[in-house]
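Labels A, B, C and D are assigned to the chains in the order they are written; within every chain, residues are numbered from 1.
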């Protein structure tokens, strides 16, 4: 029997331009990244705004296990099945972190004959969204510390800073650190921690933003700490929100790939369930719902976390409230990891 | 008068597939990243191996100033001029760091009417090479600290570790840090510093590697510290060199863009002159020399640094020693930054 | 009305040799420290071992206030009163920390006309006991870190170290620190905290020891952390308990001073109530009970802490269990601090 | 042959009151600390001010060795010899650090039959001077950090602080530290180092002060760092110099002990030669010169350090410049450490 990895590596992929065309994405709306993946311009959302939304099918699960629950595999199977019987379908997923790829959990692209490809590219840098979130996040850190270092004109109390640094790597050594050592020329000492990129508030913001301008506004509202008087300090106060949005300008666009059987798959944003809303981006859902009759998606983590957040946050974030057409529960944990 | 930024943003770019075709890069050898930039497969190097090398023209300069010297602008002008008079020419440049983009120095794509475009993309994430170097670098850090944390089977002496962490951001706060705090569950305390990505040894390795296999081998030879007995510990010893190479698998491919006047430009790797060899990648030069009669390139920093390293390292790293056809000196610092 | 300070500074003290003689301490058993304070040799304990014990009166109190409860003042008053009516009495107190002397709480020598003198000497260095505890404590720290630094022959896991450093100063800056920075020549980085000297386990040990040999044994049993295999490491394992005992050789002797009305007062050891047993030393009580018909003492902190520990620990630590003759409760907090 | 330690421990000491009386110190001017050591009140200096100074004999040496040079042993021998032939003589020495006592160097009380006793007491806590310097030093630290913590009314720039903390222990782990960790409630993070007590500026101040009032003034002038504007901040600015002087009130008095042959020895202050003036205190010399016809003293470290500082600093610090009567050079290093 072939392993999941062998199946993924042996797959014959269709060029992404074909996938896009079949899905109804126009030529000027696709930016290719290599031959088998691309980004979809938000202009598609506008062009299709008159079309009615498709039906939204959500996969969720009971208590997650260490190896994951099989939600993604279920969602892919469902998508491939709907495609098989001739239905118009788009799958919407979250982007996997690169960190865990090198750990036990593996990537987030399904398994067996229910996979999204090109698997390796998706699990590694994909189209740079995680890197952009990391860069924008740390740019805000640098602006914050530089403001304190150069005379602290905003009167920030370093003891109140809640904005961590971030890296997309599983590295326990970075959880608790002291930065700014080495004497006066090299910053101001303070305690600091690194979170993984999926846990960055910018990832949550990306998943919720409705377009680049909205992203810019949300980035500006991020609170990093307080002044000595207790007034919150935002990225806007630090005059860095514009630069952060520039760093994120391509990341706002959902990424397009395909299932092993050629159905279009949008993958965009990957906010952590324990600190954020655990679902893929709003713009991804919005575009997908205009492109297909059925949109399959999944709520991150178990039903009491990801699906609840899907209902409470995602559905209410859309221009008009979405109502799931069907909820697919994944009850039985798979018994082995392929 | 239009500013450099206005000129770049107003430029009418030719699709990257046209640029590639005109340069003699075959269809299967180009991976597009968006419409105006791409990566060139190393298979092109093999296909063209029988062709004689073009002439290598090197731009260098006297003592650099804070605003830079104008080497890049000179190189671009020269390329555009050679193109204008009908010569076959390719320009080879280094990739700019994202960090300084938000500082005084600005990007590394020339100025005025002598620019490389799409300027913003090149100065930001470009095609992900800096992010991949960052990720591979920090993956090695995590593997190193995890090895010490989980029983230290290699007998590494933490006091001898010379491998820093890296981030592509100008952040003085990260120069000297203590990591691994928070108690026994969160790592082992030690002093640590972050360097910018351009200063990562992996960037130097990328610029010197002749192909992915050679990159893999060079990554494995990286020394991170010593055992208690004084024996050097490498990435190979930590069994992480393979994963690092996977992270770098697309980064080994040079990036293709264009001048404002449509000449092909390869941009690849950006090693720091003060700690590495300060010139673009060897594979970039090798491909360019097969594609064109004239290859214009530049030595990083002033002649006593970048050009010397070009002569001593780059020229000797090729399969057979290169001899510059011409050296263009940029003597007068430009009087204003555009 | 005179302040407590004025009363103390204006007091006419009797030479300590007179106080000692009146209390039945022989000439060779007193070591004078200046004219008005001394240390009592433990040989007195042996000489008087045949005498029956006096009656032990304990002062305790309801919930303590910020300014303290007045237990010490009550105890001194009681002692002075018993002296006034011709009873043979000795007062036993704990030694005050120097740290809080410079804070709000003030010293621990009573107030108004119920004071122990020489007040300033008692509240400052007294006869060096706190300094000796500090020195012995930090000597153990140095031995511990030196053992790890020089090849770690005992296999200590630095992450398990529970032995802090200590200083007799109120200094919040020292609560959580990282030590061993500055590179390989200057130690091994680890997290470390400083406690005040009263909170040192050595202070608790001093208060419980029955003589210098017993102190030596107890010091040797102090656990500072574990080996990698989970075996506890003691001061004895580090071969430093003997040196610590040498540092403590004079500290084992109780200190002798007087009330404003000339009754003998023993003051010895000052273990913190929240981490140790909160009462003065056992040897102090033992000597006092042989010298006088009535021994007045106090349980540190409120009755539910200090008095309980007095009953559970002090009374059972004696060669034969003590039973308090009377318990004086201090119910009403004093309304002003003098 | 008896070891130095056996000789010291077997010595028959004369009560310190006898030594004092024989030296011309009046009863009220001696504060006994135990039976064989005492402190001499500065009032003696005043009482004897009319007497002419004795002759000042200085011992110095060529390049010091690891084991020390034998200056102290030479000085003691000379003192014992002068006493033997009936001359009136007082020996003046520095106080030893407790730290090195537990290291290779051993104490500072001579060797063989040329020793100062009680050796153990002198090498350990002696009469508390080192502890008082430690306490006063760290009290200033606490006041400094508390001032910054509580709103920083003086505008101190933490990056400019030059005042270390101190402990009288050989502990490499404390050389470079970060303090103030643990969150906002536990101080403000900053880099900090500990020096040994002999290297404290307060030790230097103690050795130079002419009386308690002068000590108070000198303590107030200690600079700990700068304001943001570059104005120096002193202990006086921090309103802690008075408290520091109170902590030092007994330490200003020289300590009296004896040689193995009963000559009076003053021992007072022990400033480090590499950061301070390396000689015993001025008040010690002043009192000794009034008491005896010959005063033997020694310059710390080799002649090019200690003797030069003796000539340049000590001799000029006296009310009228002193001129050494004789300089004894110790040329040959002793060949073994006894």
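Here is the rule we use: contacts are C-beta pairs under 8 Å (C-beta built on N, C-alpha and C of every residue); 3 or more make two chains touch, one makes a residue touch a chain.
Bear in mind the structure is a predicted one, so any value in this text is a computation, not a measurement.
Path length between chain B and chain D in the chain contact graph, taken as the least number of steps between touching chains: 2. Of all chains, C has its CA centroid at the greatest distance from the CA centroid of chain B.
The geometric centre of chain A is 28 Å away from that of chain B, both derived from CA atoms.
Separation between the centroids of chain A and chain C, computed from CA atoms only, is 61 Å. Mean C-alpha positions place chain B and chain C at a centre distance of 67 Å. The set of chain D residues touching two or more other chains comprises 178, 180-181, 188, 190-191.
Annotation, chain-chain contacts: A-B, A-D, B-C, C-D (touch as defined at the top).
Residue ranges on chain B touching chain A, taken from their complex, read 31-35, 39, 98, 102, 120, 124-125, 128, 131-132, 134-135, 138-139, 141-142, 145-146, 149, 165, 167-182, 185-188, 190-192, 243, 246-247, 249-250.
Interface residues of chain C, counted against chain B in their complex, comprise 157-160, 178, 180-181, 183-184, 188-191.
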